[in-house]
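Shared chain: subunit A. Partners: subunit B in the first complex, subunit C in the second.
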Partner chain A sequence: MSALRFISETTATSTSSLSVTDVFTSDFSVYKVELIRPDLNTGTGTYVDFRFVTSDGIVVSTDYGYGIEVMNSNAGFGSDLNANQGYMRGFRYSSNSSADGGGMVLWIFEPTNTSTYTFARVQAGSYSTAESKNVSTKGIGVLQTTDSIGGINFFHTNNFDSIHVKVYGLRQ
Partner chain B sequence: MAGKLVKVNSVTSDGSATSLQVTGINSDHVYMAVSNLLQTQNNNEEIRLRVTKGGTEDSTSNYDYAGRKQSSVTFANKYAANQTSVLLHDNVDDANGGGQNILYLYNFNSSSEFTFLTYETVEAVSNQEAGSSNSACHTVASASDGIKIFGGSGGTFISGANITLYKIL
Partner chain C sequence: MSNEYGYVDVSNINQTKQNAGVLTVDDLYDLQSNGHLGGSLQLIEEQDITSSTSAVIFDNLSSNYEVHFLTCMNVTSDTDGSYLTMQVSNDNGSSYRTSGYHYAHFHGTGGGTFSESRSTTAGQFFISGNLGTAANEKGNTYVYIYNLSNSSFYTSINHHGSDVIATGALRFMWGGGTYPANAETHDAFKLFMNSGSITEGNFKLFGIKEL
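== the complex of A and B ==
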C-alpha cells in the first residue's frame, strides 16, 4: 500500500464556492490536495483562493497570511503577499476557454493539531488565452489560529462551470 | 508496487532530540522526505540539514544552496556556497508548530555524482509567516544514504517533531 493514501474526490458544477469537508482528521498530519482543471465561467486576471473549514464552517476571520510568487511566461514576475487576510491566495485564472485552465497542488500540514497553526505550500499553473500567457504561482500560506481544521474551501468571485478536488493523507 | 510512495524510515522526537536523522537510501530511485513540527525551545532558530554517508553526517564545507524566500511581508533570494550545512528553514518560531517541509532527494545512491535535493518549506515565524522554494547540492561525488536535520543553535526538537523518508517507485 502506498504511503500516500487516497481520502476523497469531489466534483461540483455551477458554484462559486466548494467546500470539501471532513477530510482532515487525526489520522494524518500531512495532506496533499489537488485542484484539477477548475473551469471558471468568466474572469480574467482573477484568483481562485482557498480557506479552511472547521466544524463551525468556513474560517473567514482575517487570520490568514500568505506569500505567493506570480510568474508570467511573457516576462514580468511579481509577488502577492499579505498578512491578516480572510483567505489564502491560490491559482491565477484568466479567460474561459475549453482548452485553457490549469491545476494546483497544496501540501497541508498539521490541520487538526490544536497546538499549532495550519500550514500550506502552494504550487499552481494556468494559461490565459485572453492574455496569451502561462502563469505560475508558488508560495506559502498559514492560518494563524490553533483551530482544528477538517476541510478546505475553494472560491472565486464568479461561478465555476466545474471544479474537481482530490485529497490524500500521507502516512508517516 | 510500481507507482507508489513507500515509507523507508521515520524518526520522531520524544522532546529530547537535538537532531532528526533518517537513513536507508540504497537505490537509484528518487526519494522524498517530509518533516513537520520542526520547533525547538529557541525562538528564531535556523533549521539546517546535512547528508549522511554510511550513517554519519558529512559536515565538510561542500554544501551549496539557492532559493527564494516567500513570506507575508517580503520576498528575498537566499543562496550560499561551500557551506558546512544546508539552510533548510531561515528561522522558526518557538511556538505554533515551527517549520514543515517537503524534500525530493536525487542521486543520493550514486558514488560518481554529486548529491542533490529540492525542498519547499513553510514555517511560523514570530513576526510573519514564511517559507521558501530551493535546491541544494553536496558537491562530493560519493554516495549518501540519508539526511540529518538539526537546529542551528543546538535547540531541542519538541515532542512530535518528525521526519519521514519515502522511496518513490
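== the complex of A and C ==
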C-alpha cells in the first residue's frame, strides 16, 4: 500500500476564493496538495495565491514569507521575493483560456505542530494562450506563526470559473 | 473472483469508492489491480534499462489519472553531453509529436554557474542535464505530468532533477513545459536521449489516485 493517502477532493465554480478545511490533522506531518486546471474568469499575468486556514477555521492573512522563481518559455525569468505578506505566491496564471490547464503541487510541512512554523514548497506549470508561452514556477514559503493549521485557501483577484483541489497525507 | 463486495453487517465502511464492505483476498487483488485500493500512489509500470535502448516507451495509458508522476533514476547515455528528453503521442505510440513544445527551466552547478533555458519551438521536453559517459555521470529526475489523458487541456509538466554531467560537475535543474499545439489525449509518451541512446536507467510511472 503506498504511503500517499488520499484525504479529500474539492471542486467549486464561479468563486474568487476556495477554502479546503479540516484536512490537516496530527495524522500526518507532511501533506501534498494538488491544484488541477484552475480556470479563471478573466485575467492575464496574474497569480493564484494561497493562504492557510487555522484548525479553528480562520483564514490567516499575515506573516507569510515566500520566494518564487518564474520561468517563461519565451522570455527572461524572474523572481518574486517577499516577507511579511498576506499570502504565499503560487501558480502564475496568465490566461483565461480553459485549455491552458496546468497544475500545481504543494508540499506542506508540519501544519498542526504548534512548536514550529508551517512551511510550503510549490511547483506549478501552465500555458498562457494570451501570452503564447509556458510559465512554470518553483518556490518556497513559510507562515511565521505557530498556529495549528487545518486547511488551505486559494484565491484570485478575479473569479475562478472552476477550481479543483486534492489533498493527500504522506504516511510515515 | 467475486465482483460483489459484500457486507457483514449493516454498517458501511466510510469510503466513497468501490471497495465498501468485507473483502476477500481475491476482492483485494481485483481492486488493487484496477486502482481502487492500495493508497494514492499507484505504480503503473517500471522499466529497468541495462543495455543500449533508443527509447523508453510508456503506452496504453488509461484515462484514470489527472496527474502522473514519473521518476528517472541513474540514467546514463552512450553519448557525452546528451540530454534526456520526452515526447508525447496521441495514437498510442504509432507516432510522436515532434514540434510545438514550450519549455522553461533553470539550472546551476556546484561550481556556481546558473543559467536559464527556454524555448517556444522545441521538438521535445528536456528533463535532464547534459549527461556524460564516464562512470557515475548519471541523471536523476522526477516529473509531474498534468492533464496527459484529458482531451480538453494541454499537457503540462514540472520537473526537478540532480545530475552529474559530462564535465563531472553536479548540476540541478528544475522547470516545466507545455505542449500547446493541441489540446488532446496523450495515451503514450517516450523518453530518449537527444543524441545517442540510453544505456542504463530505472524508470517508474505512477498515477496519483483519488483514494
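Note that in this section the second predicted complex is superposed on the first by the 165 of 172 C-alpha atoms of A that agree within 3 Å, B and C clash if a C-alpha of one lies under 4 Å from a C-alpha of the other, contacts with A are read in each partner's own complex, and residues count from 1 in each chain.
Following the convention adopted for this analysis, contacts are C-beta pairs under 8 Å (C-beta built on N, C-alpha and C of every residue); 3 or more make two chains touch, one makes a residue touch a chain.
Note that this is a predicted model, so its numbers are computed, not measured.
A.B. asks: Based on the superposed arrangement, let me know which partner A:Ala83 touches: subunit B (first), subunit C (second), both, or neither?
C.D. replies: first
A.B. asks: In the overlaid three-chain picture, which partner chain does A:Asn134 touch, first (subunit B) or second (subunit C), both, or neither?
C.D. replies: Second partner only, subunit C.
A.B. asks: Which partner does A:Phe109 contact after superposing on A: first (subunit B), second (subunit C), both, neither?
C.D. replies: Only subunit B; A:Phe109 stays clear of subunit C.
A.B. asks: With both complexes superposed on chain A, which partner does A:Arg37 reach: first (subunit B), second (subunit C), both or neither?
C.D. replies: Second partner only, subunit C.
A.B. asks: Under the stated touch criterion, which partner chain does A:Ser2 make contact with: subunit B (first), subunit C (second), both, or neither?
C.D. replies: A:Ser2 contacts both subunit B and subunit C.
A.B. asks: Considering only the contact definition stated at the top, list the common interface residues of subunit A for subunit B and subunit C.
C.D. replies: Touching subunit B and subunit C on subunit A: residues 1-4, 69, 123, 138, 171.
A.B. asks: Which residues of subunit A touch subunit C in the complex?
C.D. replies: These residues of subunit A touch subunit C: 1-6, 9, 34, 36-37, 69, 71-77, 98-103, 105, 123-127, 129, 132-136, 138, 166, 168, 171.
A.B. asks: Which residues, counting only subunit C, touch subunit A once they are in their complex?
C.D. replies: Going through subunit C, the ones touching subunit A are 38-42, 66-67, 102-106, 116, 118-120, 144, 146-147, 150, 152-154, 156-158, 160, 174-178, 180, 183, 208-211.
A.B. asks: Over in the complex, which subunit A residues touch subunit B? Could you list them?
C.D. replies: Residues 1-4, 29-30, 65-69, 79, 81-83, 107, 109-110, 113, 115-117, 119-121, 123, 138-142, 144, 146, 170-172 of subunit A touch subunit B in their complex.
A.B. asks: Quick check: in the complex, which residue numbers of subunit B touch subunit A?
C.D. replies: 3-7, 10, 34, 36-37, 68, 70-75, 96-97, 100, 102, 120-124, 128-131, 133, 162, 164, 166
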